[in-house]
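By written order: A, B and C. Residues from 1 in each chain.
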Amino acid sequence: MHIPDGFVSGQINAAAFAVTAAVGAVAVAKAKKSLKEKQVPLLGITAAFVFAAQMLNFPIAGGTSGHFLGALLAMILLGPLNGFLVMSIVITVQCLVFADGGITALGTNIFNMGLIAGLGGYVVFRFLLAVLPFIFKGGTLGDRDGKSNKAGEVREVISSDVSGSINMKNPERAGWLLPSVAVASWFSVVTASAFCALELALSGTSPFGIVFPAMVGVHSLIGIGEAVITTGVVSIVFAARPELVPVWGKVLRTRMGDN
Amino acid sequence: MTTGTGNTELYSGLHSPVHRLNPKSKIVVLIAFIVLCSTIGSFSPVLYGAYLVFLTAVFIFSGIPLLYIIKRLSVILFLVIIVAGFTPFIRHLPGENALAVISGSIKLYRTGLMVFLNILVRVCLSVSALLILILTAPFTELMEGFAELKVPALIVNIINLTYRYLSVITDEALRMKRAAVSRGYSGRWLWHAGAVGRITGSLFLRSYERSERVYYAMLSRGYTGIMFSKKTLPLRRTDWFFIGVSLFYIAGIRLAV
Amino acid sequence: MNSVISVRHLSFSYPDGNRALKDVSFEIDADRCVAVIGSNGAGKSTLLLNLNGVLMPEGEVVLFGKTLTNKTVRELRRRIAIVFQNPDDQLFCSNIYEDIAFGPVNHGLKSAEVDKIVQETVKKLKLEGLENRNPFHLSYGEKKRVAIATVYSMNPDIYCFDEPTANLDPRGRREIAGLIREIGGTRIIVTHDLDLVKDVCSQVIVLDKGIKEAEGNVNEVLSDEKLLYKCGLL
């Protein structure tokens, strides 16, 4: 999904650059204000982590392979604005070290993979986390949510439940965290690819009727891998060091508050 | 849709005239070139010819092996064909006669072909320019150039750290993957993404812990937010000459044609 | 009393509740080379981070007669330097020059002074020609020496070494041991390399599960096989 220079029209690149620069400025200002000093090694090294994780290819079908994007993962692990910064840095480094993705298309690539896949995916994730328990309330799966739990208790359940392995078969025990992560990360990759196709079509580079179904189709498959990996990482990090991710405490408290 | 990666630090240590230029002047000129080139709206042999002459001149003075550029361009070429290859058969003006009928309803149109050619040429020129930019300066010098061109220091510092730990963490990831392979992971099936998930999870924890240790090491040496001693490299006469002549040429021709 | 470090009733718990150190007290005199030994997870590395205030301990740490507090931490931290176990954690800049300059720059020295200090450090630790190299391209032994250089350039009064000989081949080990001896002054070495302790230290503190188990003269402690076995060192 890394668009090189020359594929997308100047107007689209300029517009995407303006939008991402604005979001980037907010994120930098926030990072400067909160924990400025600690932020630098944390963001720098997690960006290197996302980069390394993207190198671990997984196969999809017919001999092609997809690779992990990690946009939603970065948002969940670091919070949305820091996650956005990390994705922007990953994409910039890929452009400036490996010429992977163009420099005039930098704004467009960050727009697709940082803003749409990252922040967009994160909005979907939070939405699902809030809404899923309501939908299934009273159903066979909703027992757990009926009880008045404290966030800590839920966390304990999840930690003891998933200890090192992915557990999507047990949503009523693991809470709605992992299913929400899975759906949102699939969605994040597919939406980003849809925007990518849209930009190529609007630039007159490829006909919409071909590029859109092709991109979205391939990425619906890649999205499954993305969902499996993201869920795996989230469950492992949650089991091993839940205190690392303050966002989750908040998410779970919000979730419990909703019930 | 990845355009492939390669080790671009391969040639950054050469001592060509282009390597000796200040990173700032290369950044300004080559990014200007990419911006101007990648926004050319319709295929123009004169304009592209003039740009090719410019880029070839820079390339000849850069000492980069042609083979490397060709290798990278072939990957890009493949991508152009996948993404824009259908355009010549679809895009046409209303009522336009087909250049050729391939078979039945598949027809080749001039309009679409010109669009395709335009994209092909501008992509190849832009990507070559980007390659020349990043191959003729060590990454850290390039980042110093960006810092002097007023990219926020916070961003530059984070990027430098990312670059520093890229190889460290990638090595760690590959070691973990090798350990998984030795225990039967083949990476042939989609459900192996689960194994990748577990590897990635531990990789994140290790990276997070490393960032804590690095932070402690920074604090121990009095870290207050200053990351490195910036040595401002002054622009020399050759730099000004390069910037002046190049910008005049690439912008002038773009305006004239 | 000429003790430069005095630690009284030091305890430390990590945010996750893990209690790494419990009521540890000891004194270290000037110009001594002291070993802190103990098995993995005994709290040795945490102790070092407590001494320079990167982690703020409960209890009292007094360096050069000054109590370590949030007010004094910056001044004291300059005088007590830590060489971390993994040089990849310590060398976080993009080249060796910047890494050696990092301490002096952050302590507010002018670039001309910094340059002079870096040149001296490079010469002293025999790192000539490596200044512009990326740390990733160095051998492990070279990285270790550069890690020491990055604190040598701060001219500290106390050196702390965290597992200085871990992962080194015999020659690298010999070089580092020589370097530790050469640097002189007050040194704390955290390790479970008992040969190194015999080589360079005069005093030994034994930690086990966060508790100080023993303290004394190097020959005395290292000949107490029962103690060493109990603490997982034999």
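One rule holds in what follows: a contact is a pair of C-beta atoms (placed from the backbone, for glycine too) under 8 Å apart; a residue touches a chain by one contact, two chains touch by 3 or more.
No experiment lies behind these values; they were computed from the predicted model shown.
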Pair of chains with maximal C-beta contact number: A-B
Greatest separation from chain B - chain, by CA centre: C
Geometric centre distance via CA averages, chain C-chain B, whole Å: 42
Gap in Å, rounded to a whole number, between the CA centres of chain C and chain A: 40
Distance from the mean Cα position of chain B to that of chain A, given in whole angstrom: 24
Where chain C touches two or more other chains at once, by residue number: 92
Two or more partner chains touched - positions in chain B: 139, 160-161, 163-165, 168, 210, 214, 218-219, 223-224, 227
Of all residues in chain A, the ones touching two or more other chains: 41, 241
Residues of chain B defined as touching chain A within the complex: 1-6, 8-9, 31, 34-35, 37-39, 72, 76, 79-80, 83-84, 86-87, 90-91, 115, 119, 122-127, 130-131, 133-134, 139, 142, 152, 154-155, 157-166, 168-170, 172-174, 177, 187-194, 196-205, 207-208, 210-212, 214-215, 218-219, 223-225, 227
Chain B-facing residues of chain C, complex: 49, 52, 54, 74, 77-78, 81-82, 84, 86, 88-90, 92-95, 98, 101-103, 105-107, 111, 114, 134-136, 150-151, 154
Partner chain B, residues of chain A touching it in the complex: 1-7, 9-10, 13, 28, 31-32, 36-38, 40-49, 51-53, 55-61, 67-68, 77, 85, 89-90, 92-104, 164-166, 196, 200, 204-207, 209-211, 215, 221, 224-225, 228-237, 240-241, 244
Chain C-facing residues of chain B, complex: 139-140, 143, 160-161, 163-165, 167-168, 210, 213-214, 216-224, 226-229, 231
In the complex, chain A residues that touch chain C: 41, 241, 243
